[in-house]
Structures are given as structure tokens and as C-alpha cells.
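What follows is a pair of complexes built around chain A, which joins chain B in one and chain C in the other.
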Partner chain A sequence: MSWIKRTEITLTIGSFAIVVMLLSNFVDIPVLDFISKILPEWSVIIASFALGVGAISTFVQNTDKIINKPAERPYSLVLIISLVFMFIVANVKGFEPIYKWTVNNVYQALTGTVSSLLAFFILTAAIRALRGRNLNASAMLVSTVLVILGNTPLMAGVWSGFETIKSWIMQVMNTASKRGIMISAAVGVLVMGFRVLIWLERGFYGRLGEE
Partner chain B sequence: MAGKLLDLTVLVFVFAVAYFCLRLYSKQKLPKLKKIPALDAIDEAIGRSVELGRPVNMVPGYNHFKTGPETAQQLAAYVILGYVAEVCGKLGAELIVSVDQPHLLKAAENIVREGYTVSGNSDGFKPENIIWVANTQLPFAVGTMAIIDGRNVGANIFAGIFYKESLMIGEAGSRVGAFQISATVSQIENFVPTCDYVMMGEELFAAGAILSKSNTQMASIVASDYIKLSLIAFQILSIVFSIAKVNWITMLANL
Partner chain C sequence: MKEFHVRIVAVALLFICIGIPIIYPFGLPISVSKETLDVYNYVESLNAGDIIYMTTDTGFSQIPEVGPPIVAFITHCFRNDIRIVHFCLSTEGGLVLNFLMPSVETSGKTYGVDWVELGYFSGEETALASLAISIKDMVSVDFYGNNLEDLPLMEDVDGAKDISLFVGVAGALTGGYIRQIGDPFDLMIIVLARAANAPALYPYVNAGQVKITVGVRGGAEYEMLINRPGEGLATTDVISIGHLLVVGGIIFGNSIFLYERVNKKRRGEL
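Then we have the complex of A and B:
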């Protein structure tokens, strides 16, 4: 295997980054501070360059769809035209008003439209989920109904207790379970970090990295 | 290092317990661990897709350049991706991966290629199925929904960090009748109505260890359980000292 592709090099870089970031948090050494500030900046720079890779990949895949998949041709055509158009107006001097108009009146409008779909998706998900099939599902159904009633101003006028029950469910039950999940997840993050540090966890380098 | 001694102590304690468990359980039998049904269901989901002649779609989270604990979730998601790729290779399933960040496109491609290679089905790998959808939230959601709907996927596997797009993607999968499994710390409430199996919180990080089937890795799950027991003991002590009006937590935090 070429030396540059050896898993040990990638793992060493990963472990080095973990050690530097950990130590910089506890020890005041200027070199460590400098490295710990620069590493996240490098990752952003690499990610920005990778946007070019992503754009080329998108261009190639959709061009292939235009040529070989008639059913998807119109959508891929719109995507390619939009990609080229936005690349030009964003990078060529003098096209700033067009760029701003497109972002404010096309992109933002489309984003708002898609966001509004969430309301319908919540409704369909709730219809599917809120069925009293067993004890757990029934408990979820009852608590959901109570929270909905507590959030409705009309029902607060009928009985003020709905608001109190809703607050108790959200602030006590909901917060407690979320905190429990977050604490156990934090422990999981630490233990996984330890596995990465000592080269035990290699799954994200690919299955060959585990050999 | 003012105010950080408690943080350092906790970190050293966690690493020490993890190391101790790794050494102990490399030599002796592991205690019996609770099964995670969602992990066993991955094979079932992929097998079902093969029977139906439909592809499998995996979404390894939406992270959008964040750092910190979110990155750990993303790493864990890619560990699961490697396993899913291997199983897809073994069973002959077509795997589509919807990626949110372009710099992860090549990483995902590599992981999936290696998964198929390890399973002995390197011809089954299709690089055009590793798709960078978008690196902004709603375009990512819409693009992934289009993939799920257009390709009529038989199974969806969601792992990593998600936000409100999780509900939209989950609903799209439910509409096409896909078998859905999720593994996440956040947005569990969005996946519960739409997924057949949900891995919550720490199960995402434990998945990598369990899927490796290695005793040493699974010893780290035992370690995290011991750490959680210690945290419970610490909290009980805190309650007792709070009742006795001894403010030791603030004293420790200020060290």
C-alpha cells in the first residue's frame, strides 16, 4: 500500500488533534493555543474547497441524468441552469443586484414554502403516532393531548389547570428525560473519544481500516 | 487552569474507567449486555429491501460544519454507514447515501466502497449513488425526500445529528412504505412517529462498538455504564449535601 494511504497516518493525525485540543483546554502553552485555534480554521478552509468538489459532482451527476434519464430530465435541467446562473451572478462584477434579488425573492420564498410544509408533516406524523396500541403509546397519546390543550388559548379559558399540567409535563417530565438522554450521550461521546484516541475505533475510516 | 480542575478530574476519571474496563474484559468474559433491537433490525431492513427489489437509503446526519459533540455524532454515524455498506454488499442491496457536506462526499464514498469490498461484492458498489444533496437545511431535506420518493427506497437508515428536516425526511420514507431505523441524540421526537426502530442517545455511540463484535470495543460500553452509575452516586451525594446545606459542588467547580 502507498505510504500516504496507510491507516496509521490518518489515525496519528486524529489522535494528535484530540490530544492538542484537550491539552489546550487545561494547560496554558502558547504553541498549543495557537494550534488549537488554527485546526478548526483549517477544517473550515478544507470544507470550503470541498464545496467545489461537491459542485462538480452535482454537475456531473445531473448531466448524466439529463442524457440518460428522461423522467428526471426537467428537474436536472433546472438544477444545472440554476447552478451555472448563480455561479455567474455571484462571481462576476456588476451582477450583485441580480444576485441579491434572486436570493431574496426566489431562494427565500422557496425556503419559506418548504418550511410551511412542516405543519402538514407534523399533522400526518401525529395521526400515525398517536394511537393507543399499548401502554407506552397510550401514555404518549394522553400527554400529547394534555400539552395540546395547555397550548390552546381557548382551553385555558375553559379551565386554567390545562396550562399548569402542560407546564409540569414540559418543565419536569420532558426536561428530565431530555437531560438524562443528553448526559448519557455526553458519556458516550467521551468514551468514543477515548476509543478514537487509542486507535480502537476505526470504523469511520472504512471497514478496511479495522483490519 | 482556574475553574478547570473539576473538568480535568472528570475527564481523567472517565478515561481511567474506560482503560480499566478495556484491560479487564480483554482477559475475562464480558457481562451480559442488553441487546439493541434497532441494530439487529438493520440486517432485517436491508434484507427486506433486497426481497422487494428496492434500494436502501442511508442519511448520515445533517451537521453543517458544526464542531463539538455534534462531530462525535457524525463520526458514529459513519461507523454505522460502514456496517450498512458491508451488509448491503453481502445481501446484494443497492445503497444510496445522501450526504450534506461536500467534503464528506469522498469519505462516504470510501467507506461504502470498502464496505462492499470487505463483503466480497466490490462490483456492487456504485459511486453515483453517493450523492451530495445540499449543505443548507431545507434544500437538503427536499433533495433527500426527492431521492426517497424518486428511487422508491425500501429502507431508510438515519444516523447522526438532525434538526427539523428529520420530520420531513421521515415522513417521505413513511409515504413510500420504507422500513425506517434512526439513531440520534436530538430530534428523537420527530423520528419516533415515523421510524420502526429508534436508537436514542448513547446507543448511537455504542453502535460502533457493538457492530464491530470485538470484546475490547464492547468493554467500552461496560465502562460507560460504570461511569453513569458513578454519576448517579454523585448526584445522590449532591442531593444529600444540598439538604445539609453544604455547598461542595460550587467549591469543587471553582477549583
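Then we have the complex of A and C:
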């Protein structure tokens, strides 16, 4: 195996980054400060390249579908044409008005339309799925209805108590449960970070981590 | 009643109940919530000339929900001579702001002096960490290709140490805002939150780290506070009717469920 693919190199780089970023918060050493400022900038550059890789991967996969999968050919063709068209108008000087028009009048309308379908799903779910089958479901149902009524601007004029009840549910019940979830998630992140540091956690290194 | 018929009726009802108030607004009353009032009062407490960071971490699909609070908030800042350095941590954020800026009251305000648009930075929280330390180490031009050295506003700001407030939109990255900006630099975070993200932000609100507006209703309330009616207030009728329709659907669905349950008990099937 090529030495550059050795697992230990990848794991060492990961552990080094963790140790530097951690220590820079507790120890005042100029070299550590410098590295801890540089590393986030490098990760921004890497993330930008990841976007590019995603676009190329989308292009390659859909080109493959156009060639080999007749059933998906029309959709992949539309995607490829849109991708190439937007890439050209976004990057070639003089096409800015076309880019702006396409984004503001085509893309915005399409995404808004897809999002607005949510309203239909919510209503049909409210009729069919939100049912008080048992005590837990009934408690959730009652609190759902009270929060919805508290959020309805008109109901504040009918009875101010709706807003008071909604605020209590959100600021007491909801906050208490969210805090529990956030604290346990934070403990999980700490444990995961420590496992990465001591090379116990290798899953996100992909195939390199499996060796 | 067949399920298919129920679905058709529900969809038709939704279409009518939401369509009519959009075409003919009723002007139903709304009240201002404590959350929105807190945001308004905090902005009022800032001094003229203060600089804030603002990031629009949302996409075009959320414009109907977060557009009104963004427009109202930026208008309020400009009226109080607060300067804005805007960037985005989502791919569409800069485009969203470009789409909304024509609706903002910008009379007397100049790009480069009163606000600057830096564009998209990939990496989310790591990008935010770098921007908090130094903008000029990250980028040398703005979203439009202008040199940062040529923009008067950028002479007074380079990192989070130079700002008075951080403003985020949507709310999904609030944990990152607090970790990279709020706590290290002891800054208040304001989030113009989506209604779906707001419940997750209440622990931060109760801890005093974050102030929020909630969804398009928060935008409507903000428009009332700054006395500039806009799309938010025009949407409150739709919100009221839509919410009541959902509650009606819940009551209807549960009535059917209870009726079937009672019938089954009578027949001895339960």
C-alpha cells in the first residue's frame, strides 16, 4: 500500500488538529495561536473544494444516467442543462442580468412552490395522524392545539390567555426538555471527540479508517 | 367518508381559506410578543454608528417566512444609523439578501459606507470562527468584487471585537453563533428565527444569550413596531386562518376517530 494512504497518517493529522485547537484555548503560546488561526481558514478552503467536488459528482452521475438509464434520462437531462446554463451565466462577464433574472424569477418561484406543498401535508396530517390514541398522544395533542392557538394572531384578541399558556409551554416545558437533549448531545460530542483523539473512532475517515 | 374525499375537501378548503385573505386582506388584529419587543428594544439601545455582523443562513424557499423580519430589521438598523457587515454561511444567503434589499428603506444610505456584503463562506462554523478573528485575513474583496480597502466601513471593522451585535437568520446555526461569537466576545445574538427552529432556541433565550423573532408573525410584529407595514402584516390574516384551519382539522380528525372507537365498543370489537 502507498505510504500516503496509511491510516496512521490520517489519524495523526486529525489528532494534531484537535490537540492544537484545544490547547490554544488554555495555553498562551504564539505558535499555537498562529496554527489555531490558520487551521479554520484551511478548512474553509477545503469546504469550498468539497462544493466543487459535489458539483462535478452530480454532473458525472447524471451524465451516466442519461447514457445508461432511459427511464431517468429526461430528468437528468434537465438537471445537466440547468447546471451548465447557470454555471455559464454565473461566471461569464456580461451575463449578470440573465443570472439575476433566472435566480429571482425562476429559482425563487420553484423553491417557494415546493415549500408551499408543506401546507397541504400539514393539514392532511392534522386530520389523519394527530389523534389521541393513548394518554401520551392526547397530552401531545392538547399541547399542540394550545401552542397553535397561542401562535394565532387572531386568538390573542379573543382571549389573552392563549398567549400566556403558549409562552408557559414554550418557556417551561419545551425549554426543560430541550435542555436535557442539548446537554446529553453535548456530552456525546465530548465523548466522540475524545474517541477521535485516541484513535478509537475511525468511521468518518471512510475506507481509510477501516484498515 | 372515503379518505380520498376527505383529502380533496381538505385541499380545496386550504386553497380557499388561504387564497381569499391573500387577495382581500381582512386586517385582523395582532399583538406584539415579548420576544419581538426585546429585539426591537435592544436595537434601539445601540448607538448611531455601531457596527453589527449579520448572516442570512437560509434559502430562497424560506423568503416568505424570514423575508419580512429581515426587511423590517435592516430598515430599523438603517433608521438608527447602525452599520451592517453582511455575509452568509449558506450558499443562497447572499442571493436572498440581494432579492430582499430593494424592499428595504435605504434612502440616505450608501453601499460601502453603511453596509457591506461579503458573500458566501463555506465551512459554516469554521468560517464563522475565522470571520470572528479577522475578515481581512479571510477575504480581500466583497461580493461585488470591490477591494475591501476601498470601502469606508471596512476601515472600522475587522473582527468580532469591533462589532456591537451579531444577527443570524433562520436559527439552525445558533449553537455555532454562540460558541464562536456570543461567548468568546461577550456579544448578544439576535436570531430572526423560522417558526420551526424557534422551540430549539428558547433555552438560549431564557439564558439571556439570544433574542429572537419568530417566523413571519415576528416580522409582522416588527413592522408594527417600526410603523412600516409590509408583507409580514399582509400575511397575518393568512396565518390566523391557516392555523384555525389546522386546529379545525385536528378536531375533525379526532371526532371521526372517537366516533369510530365508540361504534367499535358498541359492536364489541374493542
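Criterion: the second predicted complex is superposed on the first by the 190 of 211 C-alpha atoms of A that agree within 3 Å, B and C clash if a C-alpha of one lies under 4 Å from a C-alpha of the other, contacts with A are read in each partner's own complex, and residues count from 1 in each chain.
Note that a residue touches a chain if its C-beta (ideal position, glycine included) is under 8 Å from a C-beta of that chain, and two chains touch if they have at least 3 such contacts.
Since we're looking at a predicted model, the values are computed, not measured.
Asks: Can A:L200 be said to touch chain B (first), chain C (second), both, or neither?
Replies: Only chain B is touched by A:L200; chain C is not.
Asks: Touching A:I148 in the superposition: chain B (first), chain C (second), both, neither?
Replies: second
Asks: By the touch definition at the top of the document, which applies to A:I122: first (chain B), second (chain C), both, or neither?
Replies: A:I122: touches chain B and chain C.
Asks: Quick one: classify A:T63 as touching chain B (first), chain C (second), both or neither.
Replies: So A:T63 meets neither chain B nor chain C here.
Asks: Just checking: does A:T12 make contact with chain B only, chain C only, both, or neither of them? Give me first, second, both or neither.
Replies: A:T12 contacts neither chain B nor chain C.
Asks: Can A:L51 be said to touch chain B (first), chain C (second), both, or neither?
Replies: In the superposition, A:L51 contacts both chain B and chain C.
Asks: Contacts for A:Q108 in the overlay, against chain B (first) and chain C (second): which applies, first, second, both or neither?
Replies: Touch partner of A:Q108: chain C, not chain B.
Asks: Between chain B and chain C, whom does A:V191 touch in the aligned arrangement: first, second, both, or neither?
Replies: first
Asks: Kindly classify A:M182 by the partners it touches after superposition: chain B alone (first), chain C alone (second), both, or neither?
Replies: both
Asks: Which positions of chain A sit in both the chain B and the chain C interface?
Replies: 40, 43-44, 46-47, 50-51, 111, 114-115, 122, 124, 126, 128-129, 182
Asks: Across the complex, what residues on chain A touch chain C?
Replies: Touch residues, chain A against chain C: 37, 40-41, 43-44, 46-48, 50-51, 100, 103-104, 107-108, 111-112, 114-116, 119-120, 122-124, 126-133, 141, 144-145, 148-149, 151-157, 163, 167, 170-171, 174-175, 178-179, 182.
Asks: If we count contacts the way the header does, which residues on chain C are in touch with chain A in the complex?
Replies: Within the complex, chain C contacts chain A at residues 3, 6-7, 10-11, 14, 18, 28-31, 33-34, 59-64, 91, 95, 98-99, 121-124, 126-127, 129-130, 133-134, 137-138, 195, 198-200, 202-203, 205-206, 214, 217, 220, 236, 239-240, 242-247, 249-250, 252-254, 257.
Asks: For a test of understanding, state which residues of chain A touch chain B in their complex under the given definition.
Replies: Contact set of chain A toward chain B: 22, 25-28, 40, 43-44, 46-47, 49-55, 57-58, 61, 64, 72, 75, 111, 114-115, 117-118, 121-122, 124-126, 128-129, 181-196, 200-201, 203-210.
Asks: Of all residues in chain B, which touch chain A in the complex?
Replies: 1, 4, 7-8, 11, 14-15, 18-19, 22, 65, 67, 69, 72-73, 75-76, 78-79, 82-83, 85-86, 101-103, 105-107, 110-111, 113-115, 117-118, 128, 131-132, 135, 138, 141-142, 146, 150, 164, 167-168, 170-171, 174, 185, 188, 190, 192-194, 200-202, 204-206, 208-209, 211-212, 216-217, 220-221, 223-224, 227-228, 231
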